[in-house]
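Chain nomenclature is as follows: A, B, C, D and E, assigned in order of appearance, with residue numbering initiated at 1 for each chain independently.
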């Protein structure tokens, strides 16, 4: 099993938790969900107690998809949320358990 | 043999099945097919009985190609379909059989 | 030697043949050639006797470059052609001979 | 731990220093922060005493996200700064300590 | 040391030469330099005595950054030049010496 996909809806943050069986998650793409609002929707990410960061900005009828190439392998919760009116579909795949040569986790 | 390409037509979902001989499939690109409609076409993906997710949104005369970087290695069927009036060409390549260090499949 | 680049001209398809010495070809990028036509140019790919697929769509003065990330390692001829008025420059690099764990080629 | 993210604010350069425990940093994406200015914001990078280079250009309401795919593993300080009115959110992940076959560092 | 960046100015081609110590160069991104011209700027590449190819096309106020994903490991000189009025900033990183299983170089 490799593929991973979720729809993040406005007002309903999604929490990703590390799963020993599946390993590191690679997120490849964000795509704007269907809807009529023409305001932009931003994808925000909160990891543990760090400051939130924006991952992408989707503009209706201009840029509705955005490649991401992010990887998550955190002990902390990773919370994705939408800032804006429309849902954002996130897709990617599990890389499996990646051997890590670093020593800080 | 590495290259993989299909045209997904509106109303005709395409089912990808895992093939032991070819291994994990990497999908690299989606491109809008020819046609006169100026409405957008979305690429949707259904894996097994999970909720469908959108992979990309193609806008005629604005954004007609979209990089994807997705990988599929599912026991379940993977069904690609178009939401919209024009076909979507998907291209990518087989990665071969990837050794998986995870333990959930 | 790693870099690979060709200009595909309208009406002059280009055939790529696998070369044992160079191995798998990674194509990274398509860019619209110079010219005055404002009609779009599509890049089409034919592999052996399979149906042709579109790899990207380039729109003058809007989207003149497109990342591709495709890999070719076919025994069959791979024919690239332009559908439209302007040439398309393809660039990428050889990956060398990639060990393939699959068993179908 | 893999994910890395920072917000670079105008007038407040951010310095990234190599950390033996985390290894090589892959930066994947730049996204324009919220704000009302419609002027573009550029991301600039200074490494040691080399000439500064621009990493991307973000255009409000046109191109608010940009994939980057850059890697940093410098002994020298790497300073990111914004040229323009709005902040830029940078995201990526640590690759861990990458074995380097070169001999110049 | 991994990061690599140069500014290619109009009328001043830049020559990249392979360096045994640093190995294969991965170029990730092109970004339009500052300036007031609204004409597009193309990035051209000449390798040895092969025909020049275009790597990307940057359009002021529309598409000012372009992901590239190209790799260079040539014995021949690689010459980058700008066709157009504004400079282009190229960034990437050294991959180190990559073991090559092919036999032609």
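Worth a mention:
One rule holds for everything that comes next: a residue touches a chain if its C-beta (ideal position, glycine included) is under 8 Å from a C-beta of that chain, and two chains touch if they have at least 3 such contacts.
Note that the structure is a prediction, hence the values are computed from the model and not measured.
The chains touching subunit A as well as subunit E are D. Chain centres here are Cα averages; for subunit D and subunit E they lie 19 Å apart.
Contacts with at least two other chains are made by residues 62-63, 67, 69, 98 of subunit D. Touching chains close into a ring; read starting at subunit D and passing to subunit E, it gives D, E, C, B, A. Per the touch definition, subunit B reaches subunit C in the complex via residues 1-3, 5-7, 19, 21-23, 28-29, 31-34, 61-65, 67, 69, 89-94, 96-99.
Listing the residues of subunit B that touch subunit A in their complex gives 24, 40, 42, 45, 47, 50-51, 53-57, 59, 62-63, 66-75, 78, 83, 98, 100-105.
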